[in-house]
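Chain naming follows the written order as A, B, C and D, and within any one chain the residues start at number 1.
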Amino acid sequence: MSDQRIFQYVPSGAWGLVEPLFSQRAKSLLLTLIDFVENDVLPAENLFHAQLAPHGPERWKSIPAVLEELKNKAKKQGLWNLWLSKGEFSGMAGGSGGGLTNLEYAVMAEIMGHSVILAPQATNCSAPDTGNMEVLARFGTQAQKDKYLGRLLQGEIRSSFSMTEYGVASSDATNLKNTTARVEGDKVIVNGHKWWISGAGDPRNAIHIVLAVTDPSNPSPHKRHSLVLVQPSSKGVDVVRPLQVFGYDDAPEGHCEVKYKDVVIGVEEGIVGGRAGLGRGFEIIQARLGPGRLHHCMRSIGMASKALELLMQRVTDPIRKTFGKELHQHGTILADIANSRAEIDQARLLVLAAARQIDLHGAKAAMKDIGISKFTVPTMALRVVDRAIQVHGAEGICQDTHLPYFYAQLRTLRFADGPDEVHVQQIGKQELKRVPMLRERYDGVRKREEALFKAHGKVKAKL
Amino acid sequence: MSDQRIFQYVPSGAWGLVEPLFSQRAKSLLLTLIDFVENDVLPAENLFHAQLAPHGPERWKSIPAVLEELKNKAKKQGLWNLWLSKGEFSGMAGGSGGGLTNLEYAVMAEIMGHSVILAPQATNCSAPDTGNMEVLARFGTQAQKDKYLGRLLQGEIRSSFSMTEYGVASSDATNLKNTTARVEGDKVIVNGHKWWISGAGDPRNAIHIVLAVTDPSNPSPHKRHSLVLVQPSSKGVDVVRPLQVFGYDDAPEGHCEVKYKDVVIGVEEGIVGGRAGLGRGFEIIQARLGPGRLHHCMRSIGMASKALELLMQRVTDPIRKTFGKELHQHGTILADIANSRAEIDQARLLVLAAARQIDLHGAKAAMKDIGISKFTVPTMALRVVDRAIQVHGAEGICQDTHLPYFYAQLRTLRFADGPDEVHVQQIGKQELKRVPMLRERYDGVRKREEALFKAHGKVKAKL
Amino acid sequence: MSDQRIFQYVPSGAWGLVEPLFSQRAKSLLLTLIDFVENDVLPAENLFHAQLAPHGPERWKSIPAVLEELKNKAKKQGLWNLWLSKGEFSGMAGGSGGGLTNLEYAVMAEIMGHSVILAPQATNCSAPDTGNMEVLARFGTQAQKDKYLGRLLQGEIRSSFSMTEYGVASSDATNLKNTTARVEGDKVIVNGHKWWISGAGDPRNAIHIVLAVTDPSNPSPHKRHSLVLVQPSSKGVDVVRPLQVFGYDDAPEGHCEVKYKDVVIGVEEGIVGGRAGLGRGFEIIQARLGPGRLHHCMRSIGMASKALELLMQRVTDPIRKTFGKELHQHGTILADIANSRAEIDQARLLVLAAARQIDLHGAKAAMKDIGISKFTVPTMALRVVDRAIQVHGAEGICQDTHLPYFYAQLRTLRFADGPDEVHVQQIGKQELKRVPMLRERYDGVRKREEALFKAHGKVKAKL
Amino acid sequence: MSDQRIFQYVPSGAWGLVEPLFSQRAKSLLLTLIDFVENDVLPAENLFHAQLAPHGPERWKSIPAVLEELKNKAKKQGLWNLWLSKGEFSGMAGGSGGGLTNLEYAVMAEIMGHSVILAPQATNCSAPDTGNMEVLARFGTQAQKDKYLGRLLQGEIRSSFSMTEYGVASSDATNLKNTTARVEGDKVIVNGHKWWISGAGDPRNAIHIVLAVTDPSNPSPHKRHSLVLVQPSSKGVDVVRPLQVFGYDDAPEGHCEVKYKDVVIGVEEGIVGGRAGLGRGFEIIQARLGPGRLHHCMRSIGMASKALELLMQRVTDPIRKTFGKELHQHGTILADIANSRAEIDQARLLVLAAARQIDLHGAKAAMKDIGISKFTVPTMALRVVDRAIQVHGAEGICQDTHLPYFYAQLRTLRFADGPDEVHVQQIGKQELKRVPMLRERYDGVRKREEALFKAHGKVKAKL
């Protein structure tokens, strides 16, 4: 019975492979989450938008009331901080979290993708907060944890990760040299110009984690940076403007251009990890990225899945008949459905296998699987959403469906955390590391072939 | 020398085929247009946006001053109403027009696509005005021409074509039955609910040409409709809201939801063609569509071409180096460029051949070529623009380039004037009309083959 | 250690998901199979071809000696009849088989795909024999089993499945009406014209299982056919010619055109299941198809995997440098590798999930998953093999690599057992069966949304 | 009337653009050619194959009688050596040729593509003979012309171009260093190992034009090679084996592996151009390639066009009904037709524009257009042929249609004369040469924009 409920979101094919790897508790949480998303979150989406001011400065000042309601419900149902792995933050308020494996949480992230705007926020599972909490938990000083981590885990404040530099080809992270955090005694002075700082528009934002150069002359380009904790209310922080994605501003969080001018913080207070954290910026970033990428992927699959649901309802809508037939009876529509289904199913399994790799061997060992997911899933999801747009006609491109917004969101994932091209090249190169082993195997085959020809009294000749 | 200037926009391959078909005057106009777009229109684009109010009701009330400047310049240089075919509107103020062949104008429409927002407006070559002027010129009464056509030709007013119905699968035009124009004596009363009425937000808009049912019981579904001229200031016209394309509102023109409630007009004044025009709605629409579709295609090719120009400048920008190389030295970028070039070149030739067909045989005979262009070009242009977005990274998706706006515009063309799928099906069916002739040819070959086998004393057997 | 050996063929991502579902015995068999393929089968491939006569009638008369050697080795190592599910044929000589789950065997079928010509034959896991053995085991009379099944299980004889009719659109199985098996008393007389009868060229072939109409006037089109056991040595059986696939004849098995003219057999002896089997042709066929399709898919993935191995060795071959670089350093090659890897990985997981579905819920319940695999995998594999061909240049298209042969084999899978298009349409339709449930869910969301708007004192309006 | 006949092969869209560029004579020749192909050549194709021995050495010894008949007919109708440009070989027997422009001949090459096996041979327009005749005519000594060119022009002998080296990455022509032609006094001694020598299996073959190193230490890698005329009957020439393409051998011409061992010829007689031709190998090759590539492209378009004709007849064949409908009424078939038509039409125009470029500006100036055609057309044609195969089901893959052979032929064109990838990279790089001009244009726009903002009293700010 409960499986049938799950099959409404996760098809039996995928479930058949992962169910044996699910704990009883995780399965139960999954069902609770499905109900929560369907009964509470999805019905709140349009209200959330209606409670936002449509434009102007007030758009960036208030938080829709319905969101706080959802957060309270989620907490009560144990759906809070689901992304938190078992035991990692134990002992902290709000720190119990899901205690889920990466595989288990991945399935839940897909469910959240059905309401990509609200479900992650409602459950305190939103980027960039999740990654930032990880950074603080693993690398922050106790004082930093006390100041920020607890409130983040409780969902009282929000945060930004301030990495991409304005006017810099940031897909090569070593290019990030224009933002500096000069250490002078026990002070550090931050100067820089960043953009695409998600969440920087949010009135609840209490902290930017800023990647900045602290040691420009270090011979290793990967030891020059540190992460600096900058409060947006500090003197010298200027949130210049929100950027739009295909015309969308993602208020109240926003993706902002931000300037830091002579922002002063204490070293011990401001550098993640305190003075000991100086020069560890890249090291910490690396640790932050793996699982987060899979969360994006699974939410994307949720979006694709929802787009397909909308598509299927549209093409069977009797009032949408053209030329005497429902849309699904025309031309390529059934093929669009079948192909979308095939593509979504494949992508889901790919990401689940990657999540399982993290569980088995850790994020580093899973980098190849994560990378393949990273460059595969958004493109797939864009394709499915685009098909859904097309069957909706003009309605599919405007504010009356979520589809164009889904498209815009997904499109950014083809460069967020590194453009597809970088991941494709890296995977290509990693795959080539198998070549020596392949040559050995193929040489062995050739040798045994020669012996076999000889044994059979035949000469190996070109055909 | 002048050819070199043309080659900056139209590559020599295409030019070599069409140049012999260009009049000297058209060639000269083309060069004037190129200069105008580059020297006057493109530099005005950002100013145009800066002169618009950013949001709120005032956004829909004013027209940027720079636009009127451009219109005056265009008139002085003979670049006004270029779309007007030779002699069609002669004797009217502003009615001299380009006097160009469809082929000649097609090449110019591509140039305008480089500034798709402003160049068509600046030269009075914008949809939906051009199609509406055609309707009035060919089918309007003299009084209707006097009232609207002259001012449209002068660029004093703008207009809408009000066809798509809210909540109706409008890609099958016979589904359009909910908007009615009830004839009562010498009055006609319009009621209906439309949307995607481009230009209906514009303060200069002086006329909606509304497709409405006047004869619901006519046995022929194609004789039930008439075109009704409705002034937006009339009692009963309600512009409900602008629709967004992705997040863009295309102010001040807009694409609007419009309700008509008991709007009363005189039959002779309100029905296109007067009382004699009753029941001719579909007939008139058909005549309106052919060349307009090619104009959209050529402007799309201009957009794709410009996107490729942006892409190429980006990937050779020395400050965009990653991993020690300029972007074009990485992976698939050169292939993206070569493929984009190949796709644009092919699409351009396709549309030019279709335009030539109209010149040779008329729009009706060219419907197959027009249809192929219609479903081919926007998809191609979307692909090129998407590649350009990708190399720009996050910058490519926000308000700092025209690329996401181009994408949004082009995406609508995959359903405007009928979704791709409808055109694909129609072309497929038309192509199948060749089958009887093919069978005859192939049967002939088989018969001669038998004779030949016999003559050579061989028996035809399966191999 | 042993996992590392497995990872040479099955990447750790997929293995991580399926390993918990593998029995210890299956894992051990998998390792044995990998060694057998690499040490014995692959080295024998070229010898197998060299031991075949190059052309003429003798090409269809002998069986390469090396094949029998391989079969003996496979038997000794317990690699015989691996496809046989647990217990199904127990008590028969050769009938112990693999005793594997569908999931376990699927992984092994991929390994066999690395030597698609020899490995399945060497292990008695070849189509169409496996399907035919299933038919006989489940539906044959004891006498039929005694006569054919035992020898098939021992690999002493081979068999054909004679279904596709010459000149008939066989993808709609109800079109198959031209081959008849007229029952006269206790005799049945077979007449018909079939083609693409795989294995009919083989000198070891001892039985054709022929689909023929026995009850043409049965009101149900699915009860008109029976399966008839025809010995190729019978009077009236004419193997007309071998068909070529892209020029390949697949000797000595071949894919043949076959005519049956007044072939007489006893009913009890000739109808599968004896007289009780009359009219059950379609029913039996259906039962035969599910797992067999997944075997084809997994072998195809093995072929794609091997093609990628060849590609990677080629592009890193130092003697293949062009313009001063190895091939992988040029343009799109790394992207080809990464995309191939991503596509293979996704397809493998898809098929494994389908195999797991059969294990969990039976073949019928798994039809959707099987169908998606069926239309997805061959196209994917063709794409990968084509990329491998391309990097090999002219060598990749000729007899010096297996690649063009792989391509030809895979290409047939896009219509064997029904063309992709039929499966795509069926999956599209099946997927649409979810719509009522979707509507219910979405209606529920809308109702709760309304309540929520009311509770928050907001009116839901169009944006 | 005659236009209708042309439209059966060249659609009116393309014809409308090129017809004004056709001479009256060319138009008349085109009609003659269409009749010849349809009435004489196509009916002879199967007979040609039936007159070839099916296998064994005799397959490579005889020439089907029907071919000579066709050649005689072609000569009588003025369809001989159509590829010969105006006046180039005048004064030679057989040297009058077509006297056509490249554009005119391109259209005819498409017609020949409908019978790609026979039409080019029947009209003496086959590769590699055409290119070889060009080499001899432009660069040969008078004695060489007397000995070979006249007989080639008459179709009495055939020839090979011996370039690709065995085991060498020949797509980078500077890699070709293993075949040497050592000059010793007035003798030259050739040693080398080549393959893919088309036509080397043909009993009529009288000359191999061999690319060989004559000056290995020349500082310029492009001056090290010469072209050597080697008679296949010479001592030391060993035609090792025919290569297969997929499983096709292309007998009697073949594509052969050839070894040259100490083959001795006189310098003046053996080096193309005599002693003065030493070191000019690459220079001569370059001159040979341009138009030939377009011929391949146009023949490919003819093949695609024919494949679409077969597809359309198949999907409307009433005996091919499945599930109660003709194939064209199912799913994606109409889309396949429409897309094939769109792709063929675009590709044709692309190649015609390139041919026109050669006519206007010469082959060198047209290299970009030729390159784009080269990498675009075969892939397009493969796609169309593959769709045609698919609707034919298994019949589409075997010897009963030309489709798999078309596929095999077209597949080789993706690396013949350089793989797609090399051309794609070159076109990408050439396109980037436009960047400085683009930057200048865009900088100009930016400057004028600034002035305009100032003039309007606005400050340009980020939105």
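We take it that a residue touches a chain if its C-beta (ideal position, glycine included) is under 8 Å from a C-beta of that chain, and two chains touch if they have at least 3 such contacts.
The model shown is predicted, which means the values in this text are computed figures rather than measured ones.
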{"item": "Required steps from subunit A to subunit C (each step between touching chains, minimum)", "value": "1"}
{"item": "Furthest chain, CA centroid comparison against subunit B", "value": "C"}
{"item": "Interface with more contacting C-beta pairs, comparing A-D to A-B", "value": "A-B"}
{"item": "Averaged-CA centre spacing for the pair subunit C and subunit B, given as whole angstrom", "value": "50"}
{"item": "Euclidean distance of C-alpha centroids - subunit A vs subunit B, Å", "value": "39"}
{"item": "Whole-Å gap between the CA centroids of subunit A and subunit D", "value": "50"}
{"item": "Multi-chain contact residues (two or more partners), subunit B", "value": "54, 331-335, 399-400, 421, 424-425, 462-463"}
{"item": "Subunit C residues touching subunit B - in the complex, by the definition given at the top", "value": "240-241, 257, 331-332, 334-335, 462-463"}
{"item": "Parts of subunit D lying in touch with subunit B, wherever the complex brings them together", "value": "8, 12-14, 16-18, 20-21, 38-40, 42-47, 49-51, 65-66, 309, 312-313, 315-316, 328, 333-339, 341-342, 345-347, 349-350, 352-354, 356-357, 360-361, 369, 372, 375-376, 399-400, 421, 423-425, 427-429, 431-432, 434-435, 437-439, 441-442, 444-449, 451-453, 456, 458, 460-463"}
{"item": "Of all residues in subunit D, those that touch subunit C in their complex", "value": "54-56, 164, 167-172, 175, 195-196, 243-249, 319-323, 327, 330-333, 389-390, 393-394, 397-400, 404-405, 407-408, 411-412, 414-416, 419-422, 424-425"}
